[in-house]
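Two complexes follow with chain A in common, the first pairing it with chain B and the second with chain C.
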Partner chain A sequence: MKELEIAKTEVVSLLNTLIKEYKVFAPVGQNGFITFQEIHSGSEAFLDYINSKKPPKEIFFPQSERLFSYDLSKGEGWSVEEPASEKKQRIIFGIRPCDARSLVLLDNVFDGQLYKDPYYSGKRKNTTIIAIGCNQPSSTCFCTSLGGGPFSQDGSDLILVDIGQKYIVQVVTEKGKKLAKKHNEFKEAEDNSLSLMRDTIETAEALIKSKIEVQKVTEKLDSMFDDPFWDLVSEKCLGCAVCTYLCPTCYCFDITDEVTGQRGERVRTWDSCAFPNFTLQASGVNPRPSSKERLRQRIMHKFNYFVANHGMAACVGCGRCIKECPVNLDIQVVLNSILNR
Partner chain B sequence: MLNTSVAIRDIAKKLLDEKRVDLIIGFEKGSVPLRSTPCFVRSTSEADRLIWNVNCENNLAKYLPKTKERVAIVAKGCDVRSIIGLIKENQVTREQVFIIGIPCKGMIDRRKIEAKLDGKEIIEAEEKDDTIILTGNNLREIIKKEEFLHNSCKTCTHRNPVIYDVLIGDKVVEDQAVDEYREVKEFEAQSHDERWRSFSDEVSKCIRCYACRNACPFCYCQECFVDSSQPQWIGKTTNLSDTAIFHIVRAFHIAGRCVDCGSCDRACPMGIDLRRLTKKMEMDVKDLFHYEAGISLEDMPPLATFNPDDPQEFMMV
Partner chain C sequence: MKNPYLPLPMRVEKIVIETEDKNIKTFSVKFLNDEDAANFNYLPGQFAQLSVLGEGEAPFGIASSPTEPGELQFTVNKAGVLTTALHNLEEGEIIGVRGPLGNCFPIEALESKDTIIIGGGFAFTTLRSLTNYILYQENRSRFGNVVVIYGARSPGLLLYRDELEKWEVRTDLDLHLTVDRAEEDWQRKVGVVPNIVKEIAPSPENAYAVVCGPPIMIKFTLPVLRDLGFPPERIVLSLEMKMKCGIGMCGRCNIGNQYVCKDGPIFTLAQLNELPSEY
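What follows is the complex of A and B.
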């Protein structure tokens, strides 16, 4: 479908219309940073941002999620109650292309051929993704090394390109097309707008200076499991979960029971390979006893095992882990060091 | 700062050359502006990586309980106080550690700078005397360091290392006038409901990443209570009941040990004011036991000892 356009002044009214029909999530400023939250008025959306602190993956895979609750108190037998599935259609408006792309990676895990997670795939199915490309990528962005880009369409249904007074709208999927057709804020794009769009995209792509040969990293890692490199690179790692919890593609979780008397809930919570308990076995043995094995797992999983299993690296180059690591353990530095081994 | 860097490198080379230590723990240039990063040097050829600047915010004492080697460590006033605590808690011996003490005028809080720039990105930051020159796209700004210090640095009363094996640079003037507990007292003056609301607002931001715990030199328990599964003391969710318990217990566990280095505060990606509780603990310990952590190797930590005349008004009989 040919590109559309929408005037920036129309965005709030579009969002207000969408809110009537959909549950709309958008970037919102709170506590001095951006998070994705459900908005109840179009003016709550803050679209002039670099990226959110927490990735929007939690809209599909919340940090803690009740899988079901149970009650043994009713004498004979016991009852199990599943959470009601979300009926209302949802929209994420203003997600960045890297984060939209992270959903494609997560689909491999939660909505793949072998296994379908009902909690994730239910939400995924009823959500339309409207991304806004990045005119001004951050210096920590390296999406182009991972097969993405500041205007990558992967994972988006519609993608907006900011050309100043208006957004050019690229229609990526049928789902996106349907939505765009329904709302008259979207108009056919003018020709001169399209050339502006192409310039914008080109300029933004050129701004991403970092180029890591990820395929070579993957190959190198094949024979690096026992490399003393891991001792050195992990030395400063604190073993916290900043990198994994703020990562749009990390998906490991734990399952625990929250029990009060005879009633309880089974809860799924994010877990991290950086934590000591992540691989602690019932026997007391821990096959990943130190930060060396844990950091190696993080890198291996993202850039070797996931590639073997799903044909792509489990990283979108958003740079959150680089920005927020308390000791500046920079994943790009790690990847470049691997290439230089 | 260049002179300090050079002096650190010189002493590092000397110590390694003379085989007095196996390892130097210091800082090297970070990968992004306004960041330095911990650096582990085991040979003289690597020593030139070592640097010193206003971004050396991490407390490297964190790495001591792990090591079996003889270590030289680059340490600011607060870091030295942590080292004293770790020695007293038998996590490292005094003989094992060579302290390269550095008088400190405070470290820069990059998040405060970023907040001021309103989304403009810093591509380069250059330290010059009392200022930092920031450059980036549509950005050239000169800022005063003292306006962007970490909160813990702003109330610091021990900028000079209290013990050291070598001191690099001249001692700096300690701030005698600062009321380091002003914010705690303001917090205490609020009503019960206000305090609970503001505490709840803070810990509600928590994502349970444990960066605060893991950055803290005194969080070295083999198994943290939050990680225990038998029994499982607290839930794993980000519900207020879980996050509140985590932060309250952590604050209690470092009472009388915390030196207010601010590591927890700096590590938190969500901007939680973690010092609100820890500073209160510090003030209470000072009031009740006249004890300040990390000042002397000799005095006994108040919560590790008993005196018949210990205050006990707070006990419920």
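What follows is the complex of A and C.
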């Protein structure tokens, strides 16, 4: 479908219309601390931002989520209750292309061939994704090395290109098309806007200077499991797990039971390969006893194992782990060092 | 869509204390709903997650064989929170089960071959399942000779002793029981499993070795099998890792790109040789 456009002045009213029908999530917050939240008025959306502190993966895979609840007072009986599935359709407005792309990666895990995760898949199905491309990629962005880009369409239903007074709207999927057709704020794009759009995209892509040959990294890693490299590179890692919590593609979780009085819940919570207990067995055996094995797992999983299993690296190059690591353990540096070995 | 996280209710029909230290119990459990029972189709080697509501869940190999319909059996070593909760159960109580999970022993490959079953300690659970599956009247003729070598530290720590006695008198099974330390009335072998394997020296000709046991036993048994001439493709192992989801999603049980819960827990040594040694 041909591109559409929407005037920036119309965005708040569009969001207000959408809010009536959908649960709408958008970037909210100031002073650099942006997160995705449900908004109740279009003016709450803060669209002039680089990227959110926390990735919007939690809209599909919450940090803590009830799998089911139960009643312990029933004694002999068995009363396990699944949470009601969300009936209301949802929209994410203003997600960045890297984070939209991360959902395509996560689909491989949660919507697998053998097993489907009903919690994730349910939310994924009832959500329409409207991305806004990045005119100003950050110095830590390296999405173009991972098959994405500041205007990559993967994972989005609609993607917006900021050309100043208005957004050009690229229609990616049928779901996006349906939504756009229903709302007359979307108009057919003018020809001169389209050439502006192309310039904008080109300029933004050129701003991303980092270029890592990830395919070569993957090949190198094939024979690097026992390399002393991992001792060196992991030396300063604190095992804080910030890198994995803030990673839009990390999905490891724990499952625990939580009981208050007679009510109990089985809950899943984000977990991390950076933690020592992650693989500690009841027998006391731990196949990943030090940060060496744990950091190796993080890098190997993202750039080798995941590629073997799903044909793509489990990284979208958003740069959050680079920005937030307290000891400045820069994944781009790690990848380049691997290439230089 | 079936929710793979949802445990199904089962009643504990029978609890047997297996070992003299009382640290290991076998639970016979039965589905409350016939429909759940009909949908639970498993083969030897697979495992399931057992839930005690309020306490959590943990993975256990299925110790019963599908040729023993009606009930499932799990043999549980008391090790921590959930296993203690299981040990505190009484007959008649309800637990949750989800599964069957993981792959099974390579049953088809074992057909028309000799099978050398080597087990140590309380890891004998799924080997019990496999042995009974092969011994089952309608299955037996499809398989070749069966040798079972099973050891524990002391006689009182062997599992399934009543059943072992029945196996001992069977002519279609060659059973070798051994203990690390002999006691007065012990008439069978004395010595650690790897040494007994060496002594019995089963022929690798047209044979598979299936090995489950503590890491130390496996470590010393593998070279013995290699020296006997068993190729890595015909040495079968069952692995244990820390598990939560059991369905390849929670991300913690991988060895290289293989998830022990979903792609395993059964691997041939040849497969493991291709993977990083992180287990």
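Heads up, the rule we're going with is that the second predicted complex is superposed on the first by the 334 of 341 C-alpha atoms of A that agree within 3 Å, B and C clash if a C-alpha of one lies under 4 Å from a C-alpha of the other, contacts with A are read in each partner's own complex, and residues count from 1 in each chain.
Everything that follows uses one rule, which is that a contact is a pair of C-beta atoms (placed from the backbone, for glycine too) under 8 Å apart; a residue touches a chain by one contact, two chains touch by 3 or more.
All values reported here derive from a predicted model rather than from experimental measurement.
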Give one of first, second, both or neither to describe whether A:A84 is in contact with chain B, with chain C, with both, or with none.
neither
Between chain B (first) and chain C (second), which, if any, makes contact with A:P287: first, second, both or neither?
second
If you stack the two complexes on chain A, which partner ends up touching A:D254: first (chain B), second (chain C), both, or neither?
both
One more residue to check, A:K53. First (chain B), second (chain C), both or neither?
first
Go through the superposed model and pick first if A:V333 touches only chain B, second if only chain C, both, or neither.
first
By the touch definition at the top of the document, which applies to A:I322: first (chain B), second (chain C), both, or neither?
first
Let me check the overlay on chain A: which residues of chain A are in contact with chain B and also with chain C?
254, 256
Would you mind writing out the residues of chain C in touch with chain A in their complex?
1, 3-7, 9, 32, 51, 53-58, 79-80, 83, 92-94, 96, 215, 240-242, 244-245, 247-257, 262, 276, 278-279
Sort out for me which residues of chain B touch chain A in the complex.
30-32, 35-40, 58, 62-63, 111, 115, 119, 121, 123, 137, 205, 207-211, 213-215, 223, 227, 229, 232, 235-239, 266-267, 269-271
Which part of chain A faces chain B closely enough to touch in the complex?
31-33, 48-50, 53-54, 63-64, 136, 138-140, 232, 235-236, 238-242, 245-246, 254, 256, 258, 267, 269-270, 272, 275-277, 322-324, 326-330, 332-333
What part of chain A is in contact with chain C in the complex they form?
67-68, 70, 72, 76-78, 80, 82, 109-110, 112, 114-118, 121, 225-226, 251-257, 259, 264, 266, 268, 271, 273, 278-283, 285, 287-288, 293, 297, 300-301, 304-306, 308-309
